[in-house]
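Multiple structures are listed underneath, in structure tokens.
In the two complexes below, chain A is the common chain; its partner is chain B in one and chain C in the other.
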Partner chain A sequence: MAMTLDRTRPLFIRLLLLVLIVLVPPVAWVTIDAMAEFSQGLIPEMDKKAETIGRDLEASIERAVNFGIPLDKLEGMGEFFSPVLAANPEIRYLAVTDRKGNVLFMQGIDKASIESFYTSADFGEVDHAHKSILGPFIDMAQPLVTKAGRVGQVHVGTDQDYVRERLMEIAIDLAVVTLVALLIAVEILLFVVTFNITGPMRVVGTVIDKVRRGDFGFMAGVTSDDEVGRFVHGFNGAIRYADTLFRRLEAYLDEVKSAHFDPGVVEQVRDIESRVKFLFRFARTGQPETVNEHQATDIRLPLFLFVFAEEISRSFMPLYIRDLYAPIPGLSPEMVIGLPIALFMLVIALASPSAAMLANRVGARRVFLIGLVPATIGFVMSALAMSVYDLILWRMATALGYAFITMACQGYIAQVSHQQKRAQGLGVYVGAVLTASVCGTGFGGVLAERVGYRTTFWVAAILTIVTAVLIYRLLDSAQPNAETAAPRKREFLRLLRNWRFSVLVAFAAIPSKIALTGFLFFLVPLTLSQNPNIDLGDMARIMMAYPISVVLMSPLVARFADHVGWKAGLVAVGGLIGGAALVLPFFWEPVVVIPVSIWLLGISQGLSASPQLAMIPDLCWTECRIMGQTNVLAFLRLAERVGSFAGPLLAACFIPAYGYNGAIIALGVVVAGLASVFALLSFAYHAGPHIETEWGE
Partner chain B sequence: MRRLASLAVMLCALFLGPMTGGAWAAEPAAKPYRIYMALWRGWEDAAQGFKDYFANQGIPVELIIRDAGQDKEKLKEFVAEAKSLQVDLVFTWGTTVTEEMLGRYDDPDKQSHITKIPAVFAIVSQPLGGVVPSLVSSGRNITGTTYLVPMETQVNLIQSYRPLKRLGMVFNPLERNSQVAVEQLTSIGHSMGFDLVALPVDVAEGKPRPASIALKVAELKAARVDFIYIPPDTFLNINRDLLTQAALDHGIPTFAAAENPVVTSKAMFGGVYRYYTVGQLTAYKAEQILVHKMAPGDIPIDAPKRLSVLINMPVVRQLGLFPPMKLLGLAEVIDRAEGKEIKP
Partner chain C sequence: MGHSSVAGGSGAGLPPARPVRWSLARKVSLALVSILLFTQLMAAFFAYYKFESVYSSLVQSRYSFVVFTIKKRVEDNLNLGFALRQLRQVQEIIEREKSRDAQILAVEVYDFRGEVLFDTDRGAIGTKVADSLFEAIRTGSSQSLSFSVIDEDNLIVGLPLVNNLGKVEGGVVLRYPIAYVEKGLSGLMVQLSKSIAMAVAVFSVVAVLGLYILFGGVGRKLGSMEQTLTEVMSVGGQAIPEGGGDAFEERFAEFVAKTRETVDHIRDATEEVGRLDRLQ
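Moving on, here comes the complex of A and B:
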């Protein structure tokens, strides 16, 4: 259901292909070119660094030797070398050799692998740094000269692969940025095309449809000034001309009717008049009515940009919080780090119902604009946050904005798509959010690595401002009317008394959210940051796997679910896969297996999310009839946020006891446990009294 | 551009010059603070550091310098003189001077001690439980500095030179400092896994016998100690050449808790706060009292932040026991063969 194809999808794919063809070859070409330049520049830089380090070591060693310590009797060289190796990942070994090239000290690699080279090499009497290639290493030898003359060499060995690895990393970063640029370009193109061309065309189409049926009472409500606008203007002119002609005809007929003597002629004219009125319809007031057709895609780009802004901080949020850590009495440090994430979710959950109601009352456009105020303040102040205390506040402000904006978009889509199919509109929403999630997560990681966390928040703030301008300028202030009032709270309680619904919430919807926020949003960045080889960009790429796998899985699953109809089973299988994904680190090295876990989690979410929603009409069709299906679904969304809130806190509870990996596994056990309960109970879904009892209530 | 910058600097100098000059001239309290300095064994680095601090800070002081020449009797005269001169502050050097002139914290007799005039002390090995009840506050009109490196830090330093299984020590049983050191080292040895072999020097007629030092070192050699620890002990400080030479003869490395055995004798290395730095820190506390009018009781008693590792290179060479590179990088190396002290 979630990914049911919306009408713009073929257009989206065509545009994607177009952008791919136009954008990728030049970017690839420039990239390859730049990489060559870069690698040429990087090598001398690395040599310079190796030389500098070599000279520092040389100075210390020469000082010691000048104090009368024989070169081969230097003490504690291991502890002397280790910090240098630790601080410079590209340096693989450090060594000291005597005049003949015998290795006296070596740290980093086994000396057997390299000693034969030194003894055979002639370092001669060169008095400057000497570079040579030693298998996989670049060896920078620096002569050691003391009062007694030349005593030996100090060697700094850099890894030849290091350059290649760096370049690979940059290439991957560029690929991510290209992908993001691609998706953004497609979003913008899609917006431009639908907003300026296909949208107006559809309106014209609607009007032409009416004209074909003889109804000249409508004009297309398009005001743009471009070709499309002029075309529509001309078209409207034609309608207005037809209208004027009709008025003139009417006036002439009236004149004939009132002035002619021959009753036969009058009768004939009256006959003609009624025939014309039967065949054609004209506006009663003399002014054709304007047709404005709102469509779900109007809001797609603003929604995309805003979610993009929020997702930018996804991959590093826990790390940023950890940097700003300050103790909160009574809470463990892990708890404090989890708190802003949990509270973010809580605020969304608490604010969403009121936001939805407000969107119904004052219109989506206004609620969207209202929501952008706390969101922008939240981003700006998050960039300036001084400690975790105020960061919590700013994140809650952003959450408030997030709730307003997402509810505004959902409201807008619900309102405009009641003429069309609701599911298509929802497809637009989910599509925008997932694309933004892919882009935001990936782009945010690359950005944070290059310019730091704080600047990244500034970028988010700028994006929200752009969003505000878009909404303000483009979304027209005349809004479609709300359809129904939201049901009262008591009716929701009635929903919880339906055990099938409660089971779905407690054992399927909530655990999947626990896994998402507790594992992906909270534990993954913290766990991965423990590995020094993984930078922020890598982390973001690993996390991008989630939205990507959801994007890939959902449509397949949606089709499969419709085909098979075994929805509860899919939900159960999805939940179990999600739990199992988190238990994987128990068996394998976390760094290796976490990407797999994330993929699996995406698959699990893709498997269970759509069927969860699709089950609702079957599980509680009485309630759907009373409250409206939309409201039941909204309540499911609200209830599952309990899991979003609990996820990070639960994970934070596990960390002190089991460590980061242990916490992932423990979370997996919890999720798998809840999912198995659902699996067992889902067998009972078809058994026992069902509709009868519900009728009886 | 550069010309413009220099012009700006000149203009600033023109404006600021008279202003600061004016400020100095306008200060009526050009009357120097009078400080009575009571020393134990002459002018040395701590006293120099104390004096230099005031000069560097531009604080006018008049120093009244008295040296007891290690004669306890003279200290009574000093107390009377300081009182009659009505000085602004008293500076006392060493445990004896401090305890005699300022009194122990539980016995500050008004007649024989200085109680009304604020005082700062330096080079007191164990002020805690002696002249003050707590290092946070003296509870009376004095404050000061400590100069001994915490025992654990000293032991870690020895360990960082060479792993330690058995630590030797010769000490004067009549000095409280040394007894405290023995107790501390014994308990640290228990937790860090080394044995302490502590031998008191022979005492005859109430006085320690210097002649017994070499014998004790020979006994330590027989006990196969890895290191000899030289406590901050006055008797051993005086006889430091006897002790360090004996250790060197037996090929045992020595670690000193005070700078003299390393700098002016043949101890191999030491971890100390330099007397000069301690003197400067003491002067800083005097400034707090005199210039900033803080109550001495509110000023905590502490040691300088920066530890000095001293390595005596001729001794190292003679023993052939070379320091680890990391330690050498941090250390101030004393290499008198070259007639100079080389700082890192």
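Moving on, here comes the complex of A and C:
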């Protein structure tokens, strides 16, 4: 692919290859080194533990044999071994053999699997512990020595997989770190390339096109001190030179016109002036105007960082709330745990319209910066929260910030993207949010596991401050003007009179959000935390499946929907898959099936999200013409937040009656039921634009 | 971008070239090397803490087992109806366990009031245990859960002593040095530091080289375009993209031609006005 200076893709692909070469092998290097050191350090400690256990068993057995009980006649060895095995999961078996290696007692595994080894092995007269590798086990044999001499051995078998599993955990943690680092690198480098090269060169391109038409009234507004800045300096210099010559000529023309005594000369001079002004255009203000082109990508990195900060607490938020639990009269404990999540969503829903209007009025940059204030306070105070009461307040503050920031971003993108490039601009928004969601969820869980919930909120606050600095430094204070005025609330309510739109909202958009917040954000952490074998890192990795599957599915589905035009069908299928995903724990163990449910939920959202948006121009043809398509889409996004609010509360209502597992299934039944209604009604949608005049009625 | 000279022209009148203070390669290198360093540090952080958590819990579980065996023996005697204070053999049991492992600093048995009844450091018998240990047997008693406490440079694991009526009679704790765990971890820390330093050094060089190659091309292209512009504006001629060039270079060549044409035209017009002005 040829590298073109004003196009991001070719340069970015080369850069991406370099990033892969620079980031992946060193992490692999560190991982391999760490794992080698890990097993080197861990195995001796496991041996010591096996020896300690063996020595204790040996002492007890020797005492009994010294009392005169023959070794093979000892009673209750099973009961003797069981608590030791139960308390030490890495110990797979305990055994007692006689001098010849015949197994007299064994607990943990079937004796047939290793007896042949014991009988053939020579334990000799060694008076200390003897270590051997027996297939998947490390066997630590200790001699049993009584007054009568050596009578046999006590064997403690540890699981070789124990070390291997711990090594795998490290490898998975580091894989998450690498993935997150790669995604962050992509975001940063995408920003670096667009901000430093392709963005300025696009501005240069715009000015070039004007000059090619003879218009010298504009210069590129690039002032960087790199190669691009130097080039633009020379480029602008050429324009300024032409402008300066023209100004001199213009002054000279004015002088001749006003001072020359010969009208013939004046007439000829006027002709020259007309000819020059006909052929070329120069700025009327006295010097060329500066062109600063705003792009949707300007806001991508700050948006990514902010959403990353918010998503960092995604995997453990219900667990943190549970730790801070304090009773609220009239509410069940589950409802109290669900309340901060539901109120977070409610505040976003309520604040978004005002935030959007404010962004139109005072500019996206200012609203973004305003939003960062409550968001940062929210993160800091969430880290310091004393109980669920104040946590609710701080989460609401964060939600207020979130609403302001996301609306500012959407407003900015809508303002800088031309109509035909609006989908591309929204792609920038969705891309940043989904990438941040993958990174934040995965990184947050692993981080919280190591440093605790509260420190993780501090990290979120620091990221928010970095976002503020970026916005302040990088986003031009002169903002592009809003394209259209925000519609009034009454117009939004009239939109609901379009039955197709209302059905889409009530039976497709809202249920999908119920599933997302009720199941993924609320029930998944609580359900998985019931299992002691699943730690926070595991939980986060399981939850990461959702944004990953959406990222993978959305582009494919968008192309498929455009190709087959079966948008309502895809929305219906997506909704039904989402409902079915949540019903799966009815058939299988939740721990096994929840990851599958999350993948399916991601696929369901991936299937239905793009077609939902794509349907709007057809379903709301009249409304889109009157209100603007962007506003109709914004209202759809706003209305679906009813589901985001209801999801955790609905799930919390189900828990006391059905337990965590039952609550997932019940939520699935609700979602599947609503999706079925949409599937039935979607047959009445028909294809093509609906131009009935619901609006005017 | 090349340039073919066709006619001589007047002085350029263009501003002097601006020096490059921060090249593109340097800017992106800084970003990429920072990301590399951040990634390596995070990888090391997670690897170290995972190891620390597994290793220290393994050490703790080993000593918990020792405490568990002591607890079992003491409780067997308690269940025979003896009072904890009367169990003289406990001193022997704890001293034997201590003698088996050089890392064990002390083993203590104390009653439900927190008074030390038996201790491998016999001088401590009769003293009171720290509040944290006293609290630990009260809060963890019902489930007979083990507890762990950090006390200055020592790690403490313990279990409550419960009689057959479920009453907490006291507790048994074992102290071992934090330095023992730290020593086990230090190997990994050193190895990780070495690996990170080497990986960052090697791959920073790779990153910088790669970026200089990549952005060197961009810089050269821009430099060549700038030079062509300067030459065409000063001596005239045409800007011709090398090897046909891409769409951007073609547009730039048109820009150069148009600018030169404009400058020439204005200059001609100025001369013409001057000639007319001089007509008397």
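In the analysis below, the second predicted complex is superposed on the first by the 527 of 697 C-alpha atoms of A that agree within 3 Å, B and C clash if a C-alpha of one lies under 4 Å from a C-alpha of the other, contacts with A are read in each partner's own complex, and residues count from 1 in each chain.
Here is the rule we use: a contact is a pair of C-beta atoms (placed from the backbone, for glycine too) under 8 Å apart; a residue touches a chain by one contact, two chains touch by 3 or more.
Bear in mind the structure is a predicted one, so any value in this text is a computation, not a measurement.
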{"item": "Of chain C and chain B, partner touching more chain A residues", "value": "C"}
{"item": "Chain B versus chain C as contact partner of A:I321, first or second or both or neither", "value": "neither"}
{"item": "Touched partner set for A:L582, first chain B, second chain C, both or neither", "value": "neither"}
{"item": "Touched partner set for A:A652, first chain B, second chain C, both or neither", "value": "neither"}
{"item": "A:M407 touches, of chain B and chain C: first, second, both or neither?", "value": "neither"}
{"item": "Which of chain B and chain C A:F38 touches, first, second, both or neither", "value": "second"}
{"item": "First, second, both or neither for A:R248, with chain B first and chain C second", "value": "second"}
{"item": "Touching partner for A:F231 - first (chain B), second (chain C), both, neither", "value": "second"}
{"item": "Partner chain(s) touched by A:K73 [first = chain B, second = chain C, both, neither]", "value": "first"}
{"item": "Touching residues (chain side chain C, partner chain A) in the complex", "value": "12-15, 17-24, 27-28, 31-32, 35-36, 38-40, 42-51, 53-55, 58-59, 61-62, 65-66, 68-69, 100-101, 184-185, 187-188, 191-192, 195-196, 198-200, 202-203, 206-207, 210-211, 214-215, 217-219, 221-223, 225-226, 229-230, 233, 246-248, 251-252, 254-256, 258-259, 262-263, 265-267, 269-270, 272-274, 276-277, 279"}
{"item": "Parts of chain A lying in touch with chain B, wherever the complex brings them together", "value": "60-61, 63-64, 67-69, 73-77, 79-80"}
{"item": "Complex contact set, residues of chain A against chain C", "value": "2-6, 11, 14-15, 18-19, 21-23, 25-27, 29-31, 33-34, 37-38, 40-42, 45-46, 48-49, 52-53, 55-56, 84, 87-88, 90, 166, 169-170, 173-174, 177-178, 181, 184-185, 188-189, 192-193, 196-197, 201, 205, 208-209, 211-212, 214, 216, 224-231, 233-235, 237-242, 244-246, 248-249, 252-253, 256, 260, 262, 265, 268-269, 272, 275-276, 279-280, 446, 450"}
{"item": "Chain A-facing residues of chain B, complex", "value": "313, 316-317, 320, 322-329, 333, 335"}
